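Written out below as structure tokens is the structure these notes cover.
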Amino acid sequence: MRQFFPVDDLARDERFVQTNMAKRMADSRSAVGVKKSAKSRGASNRLTPDRHDASEAARSLMHGIMVGEIQALEGAGRTAHDFAAGDGSGDTIPFELKLDMARQAWDEARHVEISAKLSDWMGTELGQFSENTVLFEAACSNDPVLRLAGVNRALEGLAIDVFTQMKEFGQLAGDPFLEFCEDWMLADEVTHVKMGSDWLRKVTENDPDRRAKALEFQQVVDKLFSFGGARGDSDESPIGLARRFRELAGFTDDEVDTIAEMDHDALEERKAAVRLAQEAAGV
Amino acid sequence: MSTDADTASTARAPFAPWDRRDLPGAFDVAETARRVGNYKWTEMKLFEALGGWVATVPELDVKMRLGTHCYHHAWHAELWHKRLPELREMKPERLTVPANDAMARFITAMTEPEGPELTIEKLVGVYRVLIPRFVAAYTYHMNNTSEITDAPTIRTLKFALQDEFDDWRDGELMLQSLITTPDQVRRASEHQSALEAIMVEAGGITGPGSIGGAE
Amino acid sequence: MSTIAVTPERFTLVAYDADRIAEITRGLAERLQLTNPIVIEVDERTPLGKMSASVDSASSDATIRLQLESGALEDTKNLTNFSDTRAHLSLGRLLLRASDRLRDDFADAPPDRDLTNAQNTAWKVYCGGRLERLGLAPIQQQYRYDFRNRFGFRDDVDTLFDRLWASENLGWHDLPG
């Protein structure tokens, strides 16, 4: 088995169709108003049950969660595998960090189980929606410290945002399973981010350059995981930024503010890109 | 006022009539540490392999099982890691080694299959060759070590064995559901034979004597 | 046979074919014995899937107007690509709505844009059962989940759902909302 595993080789059965960020961003349609002149902000796109397409949007997001959990499971498993136990220098990671990654693999396996059951409950078929492999691709760097930043801070942080949104959706809709399950998964994800925050600090204790590089990488990934502003403080973003749970997981207010700014930039950049593409297409 | 209870003796034998544990054991501290080091190394290689394979298997149920089992073996490795200093090994890494070269070669051979079409080979290596060897070595150790001086090792062996049995059963179920044609039967048995041969050369998880001698 | 007009005639942001949309609609209209002229407008600027059906009068030769956002015809496995299955279900549902609107007992139904989420969902469920009996393959559990989201996660709601799903020839006032 190779030491590192390329995203293109992630194994799936024939029901799943994979896509990536480049293809997603080449789609020149937009769910939000992109007109520059629009003075007021666009209508709310927040994923709440009062949206006319609430169930369909929730199904699509739940499927996204399920494939995201598969990738998180694969990522955690790979980290347990890819790096030898050592003192944390070079390509090695502490033995205890490998153990944490194995634990995370189990947690993510349960999350796949939970989201597959929830998908079924919501009427979704496995593979019904395309799978964006950006989570694995962006988060699974070959440098263990960057991987911690990408997976356990950026990806798991996104999971906190998404689960908080879905939990609220279940609560408002009165769905007895959705809220229950999301709350459990949220508890695990907060643990995973905490793991990442603690290990990042520990492993880079005597290497400020390495730490700075990791945090820089995390920002790049965070912006990517905003999915063109699909996640953000703005009501135009379907998924909000879960400030309270992020704080519980060890994000500082400054860090969350930075993510909020990047989400905002990503949304505006996406709108501008769509506007240009639509103008060019004459629609 | 004095009662019968005040005057009744509380002196009892140190071992109750139902407690018939024995003092002698087959392993001294150094031998126990050596075996525990081999256990830790092999459990570690196993959880690394399972974690690595998660991304390589297309069958969703197998993917999730491997992720779950990955943690079981990581936990065993952790328990053995913590046992080593209690056995006077202050540098656990020193004893975190394979029993011999053949054992190292076994792990290399077991972890070689990577392609998405090789799920049977991956599972055969783990569930039909390696885990049965864990069950054997752990059982032998549990039944032969001192029940009194080495109680902590026995406790860990029991926890680990419970997982090994459960995972073995899971693995066997997955394999029986995947092996449905004569060609798949051939693949499974050929791979098992090849790995088994290296394992025999290694003598088991802790080398020759993993399950005692053939007296 | 219905005359069918689709706009845009050529799609630029999605890989849809106006002729294929017309062909599917024609087949569905025949199965529903609708002979009215049909106008279809697809908004390809948005990936959302909102859709509506209206008729310009209740007469037998009224023009049926179907409006769809591009997501309603999309292959969710391959975004921006057309899905025949999805298109059958979406266009079928809209044609059923239009044929309902041509009935006297739907005279009180508000225009689609004024329907509440609950009314919209109840009508969707009533269409879902009929689509299944037409030989299409709507996923019932999806409709059930939508219905529960609007009316509650309770046994009596599920019973109501089953009744709607099995119904034919309902009037507007038979639908909950």
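Order of writing sets the chain letters: A, B and C. Residues in each chain are counted from 1.
One rule holds for everything that comes next: contacts are C-beta pairs under 8 Å (C-beta built on N, C-alpha and C of every residue); 3 or more make two chains touch, one makes a residue touch a chain.
Just so you know, these numbers come straight off a predicted model, no measurement behind them.
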Query: Hey, how would you classify the chain contact layout here, line, ring, star, complete or other?
result: line
- request: Looking only at C-beta pairs in contact, point me to the busier pair out of A-B and A-C.
  value: A-B
Query: Centre of all protein Cα atoms: which chain's centre is nearest to it?
result: A
Query: Using mean CA coordinates as chain centres, what's the subunit B-subunit C distance in Å?
result: 59
Query: In angstrom, rounded to a whole number, how far apart do the mean CA points of subunit A and subunit B lie?
result: 36
Query: For subunit A and subunit C, what's the span in angstrom between their mean Cα positions?
result: 34
For subunit C, residues contacting two or more additional chains: none
Message: With touch defined as at the start, can you tell me which subunit A residues reach subunit C in the complex?
response: 17, 19, 23-24, 27-31, 49-50, 52-56, 59-60, 120-125, 127-130, 173-176, 277-278, 281-283
Task: Mind listing the subunit C positions that touch subunit A in their complex?
output: 8, 12-14, 44-50, 70, 76-80, 117, 120, 139-146, 148-149, 152-153
Message: Applying the document's contact rule, which stretches of subunit B touch subunit A when the two form their complex?
response: 44, 47-60, 63-68, 70-71, 73-75, 77-78, 81, 93, 111-114, 116
- prompt: Can you name the residues of subunit A that touch subunit B in the complex?
  reply: 1-2, 5, 9-13, 70, 73-74, 76-82, 85, 95-96, 98-99, 101-103, 105-106, 108-110, 112-113, 116, 126, 136
